[in-house]
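So, here come the structures, one by one.
Look for chain A in each of the two complexes below; its partner is chain B in the first and chain C in the second.
Our next item is the complex of A and B:
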């Protein structure tokens, strides 16, 4: 340790230590001291049917969202990486514009489309397909749509990296030996980008687990997910110990998933 | 060189998904012109009342100004600390560099709601000893945002440094440059575009931040996203549509401008 080390590395590490690490230890302390010392809150979190229901719903929604978002991002990225110049630029715009727009604006856009007086119900009713509005929002459907929309750009970036590294000559060789386009895709291109797909899926799943804003707005308090449950336990029906315990469980889960992701990346690099 | 282009099926699928991505952004435009006080599509009659509300209701201007102030302070602090940290890792190659890096990136990889609860704990604890940097104050929000956005600046700057030719620095050092000269006259000027990108990205991240802000503010430090959240939760206020259209227009202009500029640049090269 020299003066240089302290001067350069010190400020950020001190800020994160004081504003992040120590307070997180404080949150952990809450989880084992409120309302009374012991591991009662962890026991409650993993046996209370309400909390378990929320955890199960979170895992289920995140799994569905991951599959849809990665599949959609794959189709989109295929054009982004391999399309003609115009198609490539158009797709890039469709990825970058939503990416830079805030999560609130995007959730609001879905409310405008999907709510009972929204655009889709308005159209369906004026065309005479429906007499009663369809419930498209304030339920799990709305949450899934909003989350898929938010996460497609995030899945597209790792997929693009994987697709760019595919050696074109392998595809041409298959073509030269008479393989059909469908066969080239399913038997060569998709297996060659498999690690990118797994990486994107893990990234999307980890992101989705901690989602708060989109489920809170599009779920309308009915399909509560883990992050919203923590918020409710801290601010609405105060049970800080339980909120803290669920946070610690969430943090450990994400840590384990990230560990898997890093091991997989190391494997892919080798 | 890509020779096998995607077929019709793949292109059609991608087009449908592209429409899906743009749909909610387009949908807010008609809603923002509704004459009603609730969320509805204008039915023949169009109105600018919600845009007028943005100007006439001082809460919007206050929220925007607060978000700008917080964003500028948080992005400057975060980028400066991240630059020093990344330089430290690059120049000094400390022991346990991997552990230190993991620590620096922690707020980025942890679930936002866990960070939010952690920073809530931090600021309410600070509230007990001072009123300036505390729960529901602008300085408290700026500090919390700095913690959340610094990892993004660390990633950008570390990547730029890893691509920088070390021999430039070695040459300066062998000619007797001190550490100050090396950092401020040699290394930082070489990565100045990355520093600007980091400032811009961290500002945008702070400007949009809602997850953490929701936990650490209540009635005094109402940033723009916090204000939008309040209009979205209970009765949906169509003024949210008007402010959303304004934000979308800004983003579309910037992204489109950048794309057109790149398009012309690559077009020239191709010719």
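Our next item is the complex of A and C:
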């Protein structure tokens, strides 16, 4: 890093420092000083069944979301990278358009679709398939749907990179040996894009851990995840120390996962 | 010994949009033959190989395998072995797993697979490297894995697209010897694409010369070199001297011509032209001036300019070169009449 680099990066570093680093240091300080100095809040956080329950739910939802989002993104990206021309354009639009719509709008969109008086329940009931509405939101199902929808495009990019780097001739070689499409996919293509899958999964998981808006709206206060819990602790109860401790735990987890991701990227690039 | 197959191609044509990549290719590839496709870049060699393998469908024409039509068969039904340019190894599988892959596709028993893989690893001289991934191998070793993988399931035909293009000259020579041995041992029909003329001359039982999607000549190496079918082939392969003939004379001097014609272009390979200081008593000769000489060890390469202004190249054994020869000297370039051919 030369002086010129520092100069060019300077404004950004200052912004990040002022907007993220300083506040986070403040949060760290709260976590060990409020209401009294010590690590009591960490102990409390990790022994409080309510907090543990939320952490467990968060990890579980994030894992489910990661699996579904990456699997769906894999199928989509496969069409995006290797499909026919029309299919390719269509999928590209499906991946790009969500980027331009705010997370809030999308969450309310899902609410309109999935709520008890929403479009899906309305149709199913008027067509006579249901007498009672299905509970599709204000539960984990709704949260998972909203999060998966949000995260698929993010998984698509690392997957596309991995798929584009697969040498076409390797697949032709396998085909020439008489291997079926299924065999080529499972034994050649998927293993060759394994790093992309792992990268996408980590990215999605890390992203999902900090989700706030989607679970808050589609979970309706019943499927509280960590970010919402922190919000509740800080803004709706005087429990700043506990909220801060949970924040730090979340940040450290995300930091560790990012570290793994970067090491993996470096390994894949080598 | 593997069941080698005979391939027939009749009037094969291939167009990409408006562009004609192959036109009217008709040839028969004999059982156990080592056929080389040779030609300049973009002449359609790879395209023809892709048509043979089934990865590309010909626009016109038919293909037969041992007399049965295979034009519409997909590549997996033809079951030819293929070594792609760049090898196309499975990067996540070890050497042994790469070689085993086609055998697993054929659902051979694990014991059979183990024996066969060991056999192939031994044949291409990769003993001790079986558990490595392709990324841990040198270019030459990867090339051998590709060869072993393509031969493991005993395909009736092996198609190879410039398999040695990434190797340095020494390794190339070594691999060529190995290739010849493997061809002899397996008896498979080989169709081999190369850019390298020496490689083609050294390896093949016959050479097919391609130019702009057309087959220019199909003949054994010696014949292609010494009796080129046309001017393109003559000029494409090695060096050649071309002298315009008019009325049985070259530059006004009467010469003895091969065959019946007495006009056109007379072609003579550099190694069949001799140099002398005085006019030779026998054969044909033209006066010329020495413009340059390059010492190449056993041979010396001489460039001459005839009185009529035609540049000539001669390959002369260094040990019998006249003493005191220097650029600017007046010399005679001579050749035996039978060594020339009219184009």
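We take it that the second predicted complex is superposed on the first by the 254 of 270 C-alpha atoms of A that agree within 3 Å, B and C clash if a C-alpha of one lies under 4 Å from a C-alpha of the other, contacts with A are read in each partner's own complex, and residues count from 1 in each chain.
As a working rule, contacts are C-beta pairs under 8 Å (C-beta built on N, C-alpha and C of every residue); 3 or more make two chains touch, one makes a residue touch a chain.
Nothing here was measured: the structure is a model prediction, and the numbers come from that model.
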(request) Overlay done on chain A, so just call it for chain B and chain C: clash or fit. (result) fit
(request) Applying the touch criterion given at the start, work out whether A:243 contacts chain B, chain C, both or neither, answering first, second, both or neither. (result) first
(request) Please determine whether it is chain B or chain C that touches the greater number of chain A residues. (result) B
(request) Could you tell me if A:160 is touching chain B, chain C, both of them or neither one (first, second, both, neither)? (result) neither
(message) Applying the document's definition of touch, where does A:177 land relative to chain B and chain C: first, second, both, or neither?
(response) second
(request) Quick one: classify A:8 as touching chain B (first), chain C (second), both or neither. (result) first
(request) Using the superposition on chain A described above, determine whether A:251 touches chain B (first), chain C (second), both, or neither. (result) first
(request) Examine A:105 and indicate which partner it touches, taking first as chain B and second as chain C; both and neither are also allowed. (result) first
(request) Please state, to the nearest 10 degrees, the angle that the Cα centres of chain B and chain C subtend at the Cα centre of chain A after superposition. (result) 90
(message) A:224 in the overlay: touching chain B, chain C, both, or neither? Say first, second, both or neither.
(response) neither
(request) Using the touch definition from the top, say if A:191 reaches chain B (first), chain C (second), both or neither. (result) second
(message) After superposing the two complexes on chain A, what is the shortest C-alpha distance between chain B and chain C, in Å?
(response) 8
(message) Show me the chain A residues, by the header's touch rule, that chain B contacts in one structure and chain C contacts in the other.
(response) 172, 175
(request) Show which residues of chain B lie in contact with chain A when the two form their complex. (result) 1-7, 10-11, 13-14, 17-18, 20-28, 30-31, 38-41, 81-82, 84-85, 87-89, 91-92, 94, 100, 103-104, 106-107, 109-122, 125, 143-144, 146-147, 150, 154, 179, 204, 208, 210-211, 214-215, 225, 228-229, 232-233, 236, 240-241, 244, 247-248, 251-252, 254-256, 259, 263
(request) Flag every residue of chain A that touches chain B in the complex, lowest number first. (result) 2, 4-5, 7-9, 11-13, 15-16, 18-24, 26-27, 30, 72, 75-76, 78-79, 81-84, 87, 89-98, 100-113, 115, 117-119, 122, 149, 152-153, 168, 171-172, 175, 181, 184, 206, 209-210, 212-213, 216-217, 226-227, 230-231, 234-235, 243-244, 247, 250-251, 254, 258
(request) State the interface residues of chain A toward chain C in the complex, per the touch definition above. (result) 167, 169-170, 172-179, 183, 187-188, 191-192, 194
(message) For a test of understanding, state which residues of chain C touch chain A in their complex under the given definition.
(response) 53-55, 75-76, 79-82, 84-86, 88-92, 101-102, 105-106, 153
